[in-house]
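Labels run A, B, C and D following the written order; every chain starts at residue 1.
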Amino acid sequence: MNSELIEIRRLIHSNPELKYEEFDTSLLVQNKLKTYGLDFESKIAGTGVVSLVDSGKPGPTVLLRADMDALPIQEENQVSYRSKNSGKMHACGHDGHTAILLGLAKEIAKDRSILPKGRILLCFQPAEEGGNGADNMIKAGILEKYAVDACYGLHLWNHIDIGQVGVVSGTMMASVDSFEIIVHGKSGHGALPQHTIDPILVASHIVTSLQSIVSRNIDPLEPAVITVGTFHSGEAFNGIPEIAKLTGTVRAYSKEVYELLPNRFESIVENTAKAFGANVQITYDRIDKPTINHAPNAELVSKVAKSLWGESCLTEKNTRTMGGEDFSAFLMKKPGCYFFLGSRNEKKGYTHPHHSSYFDFDEDALELGVAFWQALIPEALLFG
Amino acid sequence: MNSELIEIRRLIHSNPELKYEEFDTSLLVQNKLKTYGLDFESKIAGTGVVSLVDSGKPGPTVLLRADMDALPIQEENQVSYRSKNSGKMHACGHDGHTAILLGLAKEIAKDRSILPKGRILLCFQPAEEGGNGADNMIKAGILEKYAVDACYGLHLWNHIDIGQVGVVSGTMMASVDSFEIIVHGKSGHGALPQHTIDPILVASHIVTSLQSIVSRNIDPLEPAVITVGTFHSGEAFNGIPEIAKLTGTVRAYSKEVYELLPNRFESIVENTAKAFGANVQITYDRIDKPTINHAPNAELVSKVAKSLWGESCLTEKNTRTMGGEDFSAFLMKKPGCYFFLGSRNEKKGYTHPHHSSYFDFDEDALELGVAFWQALIPEALLFG
Amino acid sequence: MNSELIEIRRLIHSNPELKYEEFDTSLLVQNKLKTYGLDFESKIAGTGVVSLVDSGKPGPTVLLRADMDALPIQEENQVSYRSKNSGKMHACGHDGHTAILLGLAKEIAKDRSILPKGRILLCFQPAEEGGNGADNMIKAGILEKYAVDACYGLHLWNHIDIGQVGVVSGTMMASVDSFEIIVHGKSGHGALPQHTIDPILVASHIVTSLQSIVSRNIDPLEPAVITVGTFHSGEAFNGIPEIAKLTGTVRAYSKEVYELLPNRFESIVENTAKAFGANVQITYDRIDKPTINHAPNAELVSKVAKSLWGESCLTEKNTRTMGGEDFSAFLMKKPGCYFFLGSRNEKKGYTHPHHSSYFDFDEDALELGVAFWQALIPEALLFG
Amino acid sequence: MNSELIEIRRLIHSNPELKYEEFDTSLLVQNKLKTYGLDFESKIAGTGVVSLVDSGKPGPTVLLRADMDALPIQEENQVSYRSKNSGKMHACGHDGHTAILLGLAKEIAKDRSILPKGRILLCFQPAEEGGNGADNMIKAGILEKYAVDACYGLHLWNHIDIGQVGVVSGTMMASVDSFEIIVHGKSGHGALPQHTIDPILVASHIVTSLQSIVSRNIDPLEPAVITVGTFHSGEAFNGIPEIAKLTGTVRAYSKEVYELLPNRFESIVENTAKAFGANVQITYDRIDKPTINHAPNAELVSKVAKSLWGESCLTEKNTRTMGGEDFSAFLMKKPGCYFFLGSRNEKKGYTHPHHSSYFDFDEDALELGVAFWQALIPEALLFG
């Protein structure tokens, strides 16, 4: 089986498409589903595709998710299946996720008896990378239309070895917000500060004061990050500029911290500017929610993994991360679990981190992914 | 003559009285004036005394000021005339000022022809040291009642040599404000900052942000100071306290800066606290205004000094200071000039700064002071 | 049995003794052990007592710890057994811990067959509250002398309900460091900052810069706290003081962070002072290490709890805290586990937090504590 | 006479040349001097020209300076003589200075009896605008070669009215330093600050800490400015960059402050970076020294002005500025005076500030400038 999975994965890998432009990938998915004899609905939230597989018996509906989009990165790997699209690359493994879910589709199309009852919704999603693809599929109504009861998401993970499964109960990945701050001061000559409002000084005080949110306002047991990633102001050494522009990212693990952070952020930025007589414009975008696994579903994933590959396949190491994942949107709406499937293989040289221009993964993981979904389905449908 | 001046000065020196408690000193002044045959009005703003000396001819009224109060300092000098009042000391030279003005009173009582026209108002003032004595005499109405046209104030000055006169046009001494800030945070355990609002952090940001007023909001050519002199907060190393308390002083030279400073101060303190979710209580007292000499009156003082002691007696060195002086209140209302009369004498050991517990001055300056007033009177009355 | 446990606990409660002054408590322990027919060694690290109970069969030695010291708090409870020592109070439950371990002593003295093999070392420790009592018993050599293989510590916990057991694998309580910083500036007049080095400004920059350690230098997934708890400097609003004094606490969960924090702390404090031309003296004390449970021992505690009171008795809520515990010293040397035994009972009004002057706990927990130790002993001796 | 002055000025104005490229201007100067029958030396420090006019009688040598360079500004004025060189403009009045000194050259070439004794060195200087032209002429040896005893510099000034002369004893213009700071941190992902050294935070602390130099280290009576004019760091909102780059300017009035500032600057920048584990590279350039007039020479200028245009022509308003002037280099070596000649005329619309793209001045000032030099020469030669 794996040769076919590899073939599909490589086909997708060599033709990476950025968020909301996954036209060819979506067509490939649709064609495969058609070949397997499965019905589907397409053009959801742009390029999204869902296929409902029904056991014919009453029972819950369980959504399984694969994301399809690539990244704006120039691939440096010299492999036969390397990206043919300049400046675009499947550097996160979404090509593998899609191949795995298609592999599963083929299997359950052949033999629906794997579903003891209820229904499986295969979900091929656009725009995971900062594009709110999951959120937009939810807004398009798929959870209601297909009466989804639970959801699962699988991610190949180069930080854990092939054969291992990383899963935790509770939060596993952080929320991701982005912000832009424009400090409006008053420009003038550097030797005459009294006629100006110095936006560089104001922005510097904003940067130093923002540190206090993580150090003082957040439970030390709760992860949180605020990073100012860019600071740009001024053109002349002897001038005081009109504006300073900052951008950055904010991350949290718990719902409480996720709610608190933008309020504290806004309070510090606005009042600090006011203290110095400056104005600010804040743009604050909530990209990903925290990815919070529901305890019973996380336990189910652990149980399935153990039944497949033994107790020792489970790891919590390198499993909780400050990265973000838009599967979180599903988990905010429905019970479920997001988990990592090990794709690292040091012997084979698959050790590069996700989003690296050298990223690649052990393709043996593809078959394991299909096997995992196959083992999860009966458990999830009986449990749900 | 000087022996009598010295006698009076030493009498006052040995019996120092703090602001608004200059009862004996005021009585001494009144008795002397009576002895000299001069009328006077007493109990102005507490212990203040004024005596009007009229030439009988129409002309302006010129006020000459001496301050009478001592300081809460324990004298360390071992002189015959040392302070008999524990913890109180004439450590600024006001004993000398009063003696000089009494010396002048005696002279003009003997011979009013020194006044070519108009009137001289001898003004013995309480509470120069942080007590707003000048302001309170103004509020008591002496400027209107005696139709004062101009005002002059003399200060013995241990930073310039005996025989010299320090005077500048424009500002010569700073305004003096004091402030107290109470930052109201929210107390709690030091290991649980998330339940608190940390007033030590808030107050620290206030201290660092306040630096920007002098560095950014004030014309670099204009003197200004903001000093946080005390910072007190907390009792336990592992607690976060409820409040932090700061006190300090603010000083300026020009009217513009004097007006600007409290606004910028308040803006930084209030908005910085707000940025961190804390509240503040600000108490802001304006103790002394800037002492701004009027150009023509300053020129007159220079001219008189030169006529007495030659061109070289004039100095601008160590003449502009960041110290405060409540004679500024008179100068805000009427044209006039405040100036320094050198009282330093390194050979005799009179070098200690004002407000030192070792302060003393060269008593030869007393006679020079009377001579200066005598020479100024005709010029000031003809000029005014 | 509980009536005797309550009697002992109340006796200790009414006679609270501060760290290293647990003389009466230690005597009570020794007398009880004597009564029960157990040998013991006393005067270890001051008032410490250990009693070895041997099964007679080869096997491991397992240490069970109770702490004996009270706190410098004035009790506000109006109970029959309230503190008779003014300003001292068993406000943390150590009276209960000692009563429980004595209860266990009586049981195993009566019937040593509870020990399948090996030996139990009952350990009554002084000075848990900031006194390094555990560390000092280790330095006195008890781990070597009694060949201790594993260690367990029980704490009554008012943040979880009676009948529940709180335990986690890995870190459960934080390390506790304390620090004192003395910033040596240069004093002077508040209007003449140029002749001074302003220690209030320097210390304020230290406070704001220290925030960056938690916000930037620590893995967001790792708990850490740095709190400046006191800041004292200055006496006069118009002066600049010579020194500023700060104290505070530093806390961590992992060994890596525990090692990193003092280095970053020192770097920020020393170099910030240097930036402004000031000197600093730092006193940095490591009070408690992080309390890190060993995974197998934590699992054993969970297993015992479940076997006694069912699956639902286990809780992780309110179990990880930023508080410190000197049992950590044992856990740094030997495998083991520290855990919480619920003592909260809202119906009975036992809800006040530890270290509150209103703290008291549900005495039904005493019997549960003895039962837990009894159930743990065979498991721990067979496992160890 | 003025028509010829205007003609020369407009010729220069229409052909502005940037620093060290004043080739045509220098040739024009040389040709005029030749026409007037004066010897000269050219190519000093590039395009500099000096012409010595000797009275034939023993006496001092007095240098009179005109600067020749234009600015990289696009002229917006629509006048017949507007700049023909795109992006270049005489926006500071140096065209006028050169015309005035040439006008003087013609007069004294005609009649050397204006020199009672000694010699006048007419000095046409390149690169006043940030180019150290004065310094480079000094380094070329003109002060020694021509045994210069005193020096005077005239600047047309649009901040005071035509007919007025602005001059002060002591410092009149500030020193100008420029700096570049490169903070070397350690880049990484914005969600993993623990693996990075955040240069934006470090640079922000540098900016806020630098404020303390002006607010705390400098005598409030002494002007000083430190401005960070540019701050650039980072490319991605979710990254932490490797470096942050700051540039700015530092200004002072007194020699003491001029010496102090770079030391304090370096101490704050280097130690603040060290506090956070970062490195810095500092480039610090001393462009202009403070322009400090010597009291006797300033008095001489005042005297000459009064003798020409009466007491009221003198003004101190808008005369002391925080701008810089490389004539300071002459004043550090030789006694002398730099002064402003009013060129503002509100009725004629000449009110734009120097360095504005709309700058122009009242050409009636040209004749006044020549007249001033003519009146100064005998006084300066007799005095020097």
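The rule we apply is simple: a contact is a pair of C-beta atoms (placed from the backbone, for glycine too) under 8 Å apart; a residue touches a chain by one contact, two chains touch by 3 or more.
Being a predicted model, the structure only gives us computed values, none of them experimental.
Student: According to the touch definition, list the chains common to the neighbour sets of chain B and chain D.
Tutor: Correct list: A, C.
Student: Which chain maximises the distance between its CA centroid and that of chain B?
Tutor: Between chain B and the rest, the longest centre separation is with A.
Student: Once you count every C-beta pair in contact for both, which comes out on top, B-C or A-B?
Tutor: B-C
Student: Just give me the whole-number Å value for how far the CA centre of chain B lies from that of chain C.
Tutor: Spacing between the chain centres: roughly 59 Å.
Student: What is the distance, in whole Å, between the centres of chain A and chain C, each centre taken as the mean of its C-alpha atoms?
Tutor: Whole-Å distance between the two chain centres: 41.
Student: Go ahead and note the Å separation of the Cα centroids belonging to chain A and chain B.
Tutor: Inter-chain centre distance comes to 69 Å.
Student: Which parts of chain A, given as residue numbers and ranges, touch two or more other chains?
Tutor: In chain A, residues 174, 191-193, 198, 201, 205, 208-209, 211-212, 215-216, 220, 225, 251, 322 touch at least two other chains, as defined above.
Student: In the complex of these two chains, what residues of chain C are touching chain D?
Tutor: Chain C reaches chain D through residues 191-194, 196, 198, 201, 205, 208-209, 212, 215-220, 264, 267-268, 270-272, 274-277.
Student: What residues of chain A sit close enough to touch chain D in their complex?
Tutor: Interface residues on chain A, with respect to chain D: 174, 176, 178-180, 190-193, 198, 200-201, 203-205, 207-208, 211, 225, 227-241, 244, 247-249, 251, 321-324.
Student: Can you list the chain A residues touching chain C in their complex?
Tutor: So the residues of chain A touching chain C come out as 174, 208-209, 211-216, 220-221, 223-226, 251, 320, 322.
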